[in-house]
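Per-chain numbering from 1; labels A, B and C assigned in written order.
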Amino acid sequence: MTTKPAAPAPREITTKPRLSDRIFRGTVTGVGMLSLAILTLIGLFLALRGFQTFKTEGFHFITGVKWESVTSDSGKVTNNFGVGAMLIGTVLIAAVALVVGVPLSVLTALFLTFYAPERIKKFMVSVVDLMAAFPSILYGLWGFFILMPMVQYWAGLLYEYLRWIPIFNAPQPFFERSPFVAGMVLAIMIIPIVTSVSREIFAQTPLDRIQAAYALGATKWGMIKAVVFPFGSSGVVGGAMLGLGRAFGETVAVFTVLNIVFKVNFHILYGFGGNVASMIILKWGEAVGDETKALLAAGFILFVLTLLVNMLANFIVKRTLKSGK
Amino acid sequence: MNSFDSSNGEEMSIDSAAQTNSLASVASAHTAARQPGNAPMGSGLEARGIHAWFGKHHALENVSLDFASGTVTALIGPSGCGKSTFIRTLNRMHEFIPSAAMAGEVLLDGKDIYSKGTDVTKIRLQIGMVFQKPNPFPSMTIGENVLSGLKLAQLKMSNKEDLMQECLERAGLWNEVKDRLGAHAGGLSGGQQQRLCIARALAVKPKVLLMDEPCSALDPGSTLRIEDTIGQLAQTMTIIIVTHNMQQAARVSDYTAFFLSEGGPGNMIEVGPTNEMFSRPRDQRTENYVSGRFG
Amino acid sequence: MTLETPVVVEPQRPWKATPRELAPTGYLLLASAFASWAVVAATPMKGKLAYAFLFFVFGTASLSINKGRKLGRSAAVDSIAGSVAMTGAFLVFLPVASILFTTIQKGVKGLHWTLFSQTMFTASYSDPISKGGLLHALVGTLYLILISVIVSVPMGILTALYLTEIKGPGSNFIQFIVQAMSGVPSVVAGLFIFASIIVTTPVKASAIAGAFALSILMIPTVTRTAQEVLLLVPMDLREAGQALGATQWKTVATIVVPAARNGLITATILGVARIAGETAPLLFTIGGSDKLNWNPFKDYQGALPFYVWKGLLLGTPESIQRAWTGILVLLILVLVLFILARTLGGRKMKSK
């Protein structure tokens, strides 16, 4: 009987990093982790400060539509805080923004990727990037003085001809500072992010599939339908969700053009609405004590909402981009 | 009048071509511009004085080739000799590269496919193409892939099932996929995907099929099956195949054209019946290449 | 045979449309413009919207029919798709043009020199704009930018280095976190600094508190741009450094970062452009003073966006004029940063 020679154990290849490298790697890793720490701290602090509100208001904080702090003659303070109307308003305005902004962005991305001559493409890419760099208060100012009069006129047309659709109806033809106006301003504000994500995705469309479609006698549009959309549609959905995250969180521009009233309003053309982010700055100036805490709690809800939407969106976009490689 | 000197290149007679290969009805190849009117009827595809550029880079110089219907022509040569560029000028895929330019004429049944007012999508329906890498549409089923060309070109189809079966049979894939036409094309093997691409190209009934190194991404077994398919298809259509593999050229083609770039733009050095090209090439460079001395 | 000079063959692009082929498009668009004018004149449809809409419909339809007659149905559909895509891009261009135009048109009226030498301490927002100025806001904004850069740029670049150079198991996760962080609403950043720093630490509303809030928004921007440019530095440069026996730290410090220098500056500029006009976080963190305050660590601070905000909220014609002029100054700042980032970025591309 012979014993089998033992298989050689794999040798580990290790080089002990020098001190400078260990410091470098340690620093860089530590700073990298800081982003995580900041994000966690944001959630933690807002939740902590808003905790009392969550405790006293309970689930009613989400569903309730009233926002009042009444001091009775005896000095007793009765609070009633709920962001229900604001949440509904936020979603409504964001929906208007997506319905208008996403098609325009996708068309622009298609035009830039497949139609535009090189010079126009360069120019338009700059235009879209510049849009992203405009301060939101600029959008607010311009939206209020320039866009709103126009949008009121469009709202009038919609009201006149499409009133039979419930959301285009209104108790009275009063269209100033409506969710529709706010949605239009937001639509313009989300165009840069949705366009650039869509463009990135369209540009990743595998060339061999594009060629296959053309070689089969497809027109440009035929090719886009057969190849670009099946490949990119989920990524565009991700891009639209990134836009949705922006629309949820936009504050100053919406505040400027929206008449914030604590009441649920599903008539998008009618002149009042709600928005969590704008409500916070509306109430901040006069808030003391419990109301400040309630506003921080509202901030927490906004934070969680946008975080979830953004994470899902990034996940979808990343998956699509990977599938093209 | 042509910068490519052809005074010593003999014209092949129609008879010798017919002797070489019983499948080939008529074949002739030219390095000089040909007199109009000499072309045999239904001669398929004819390239005259083709040049190609990418920006300032002159990639292909003055190539004239004739592809008679019912023949298989192999284009061989080392990498970078312009043979792929050439094949892409034949169905106007060349123009998708933004800086691309060309000169010359490509005649399909006597009409220049580059002439003004030509509908380029109709040209590509008549001159199909199979690419190096199998590229079925992953979002479509096997059956949908076969019919995708008809859908893309918005052609009417009367007998979908029959057409699907016919194309898959001609591409040699029917038996393998007939039970799963509704499955997505991504699940097929590389060789099957390539045959699916051939079936897809056949569905729009092209007169000419261009194949750009169709087997270079496939294993030997799949390569043989595709070569079989090419042999079957050649009975009804004109096939032009770019290949790096000289054995493949020898196995499948009736005619072979040798491309070479000697520093400058790619040229076509020589064309002739395949067996002559491999047994007694006229040009020294061709001989060097086919005997494996370079490339 | 006579001697022939060799014919030089010129490159051609027979697929490009000649002016002659483009002419019908021009005629059809002219005809569409005329037809929309005629319809507006003859029917109750009125207004700019009607002109634009009718021109779009007539133009798209006539071009499509023209294509379809020559080349068939699929070409007609293709033509419609092209027109619609182009119109979409044009509709995106319009608001940008309008924003630039109105801001300049309305803002220029209020520009005067004392704007940059006076504050609002002695003037009221409803005073005529010739009284008072925005020096305090300008100083505040410069402080905010400066501190944000000091905080965010090292952090952003180091995070980017972690993502590109270490590539540890955590880097995918951190990448995800950075992306999530770039979606944090600006109002939340302000609330967070209020809840964490202003409430609990001795640091009260001031430029530094505002800059912390802005840094939360700036770090992801710097990180992502820096990461992109660091990835452009060829891998073999890094390997070359390490093959010469340099430590990773030395390689990064002497080869990778210098190679990406312009790009890193661009990342900084883009980060600044991102935060320069932010308003919402400042509402919770800087106090919005109308007085010149040279101390960034103490006391209320003003800022350009805050100046615009106050003018806008007050709503008198004079204060609105202040808002427009303030936003023009802010826009010029953003435009300068934008053009700077472009030219730097452009040079990087060319030298590659």
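In this text, contacts are C-beta pairs under 8 Å (C-beta built on N, C-alpha and C of every residue); 3 or more make two chains touch, one makes a residue touch a chain.
Everything quoted here is computed from the prediction, not taken from an experiment.
Peer 1: Pick out whichever of the two, B-C or A-C, is joined by more C-beta pairs in contact.
Peer 2: Per the contact counts, A-C leads.
Peer 1: Please flag the chain sitting at the greatest distance from subunit C, going by CA centroids.
Peer 2: B
Peer 1: Centre to centre, by mean C-alpha position, how many angstrom separate subunit A and subunit B?
Peer 2: 50
Peer 1: Quick check: how many Å separate the C-alpha centres of subunit A and subunit C?
Peer 2: 17
Peer 1: Quick one: subunit B and subunit C, Cα centre-to-centre, how many Å?
Peer 2: 49
Peer 1: Touching at least two other chains at once: which residues of subunit B meet that condition?
Peer 2: Residues 121, 152-154.
Peer 1: At least two other chains touched by the same residue of subunit C: list those residues.
Peer 2: 74-75, 77
Peer 1: Which residue numbers or ranges of subunit A touch two or more of the other chains?
Peer 2: Residues 219, 222 of subunit A touch two or more partner chains.
Peer 1: Spell out the part of subunit C that touches subunit A in their complex, as residue ranges.
Peer 2: For subunit C paired with subunit A, touching residues are 47, 49, 74-75, 77-78, 80-82, 84-89, 91-93, 95-96, 98-99, 102-103, 106, 154-155, 158-159, 161-163, 165-166, 168, 170-171, 173-174, 176-189, 191-192, 194-196, 199, 216, 219-220, 223, 247-250, 252, 273-274, 276-280, 283-284, 305, 308-309, 312, 323-324, 327, 330-331, 334-335, 337-338, 342.
Peer 1: Which of the residues in subunit A end up touching subunit B in this complex?
Peer 2: For subunit A paired with subunit B, touching residues are 118, 206, 208-209, 211-219, 222-223, 226-227, 230-231.
Peer 1: Would you mind writing out the residues of subunit B in touch with subunit C in their complex?
Peer 2: Subunit B residues touching subunit C: 1-3, 49, 51, 53, 62, 92, 95, 100-104, 114-117, 119-121, 152-154.
Peer 1: Help me check something: in the complex, which residues belonging to subunit B touch subunit A?
Peer 2: Interface residues on the subunit B side: 91, 93, 96, 98, 121-125, 128-129, 131, 133, 135-140, 148-149, 151-154, 197, 200-201, 204.
Peer 1: Spell out the part of subunit C that touches subunit B in their complex, as residue ranges.
Peer 2: Its residues touching subunit B are 4, 6-7, 9-15, 18, 21, 70-75, 77.
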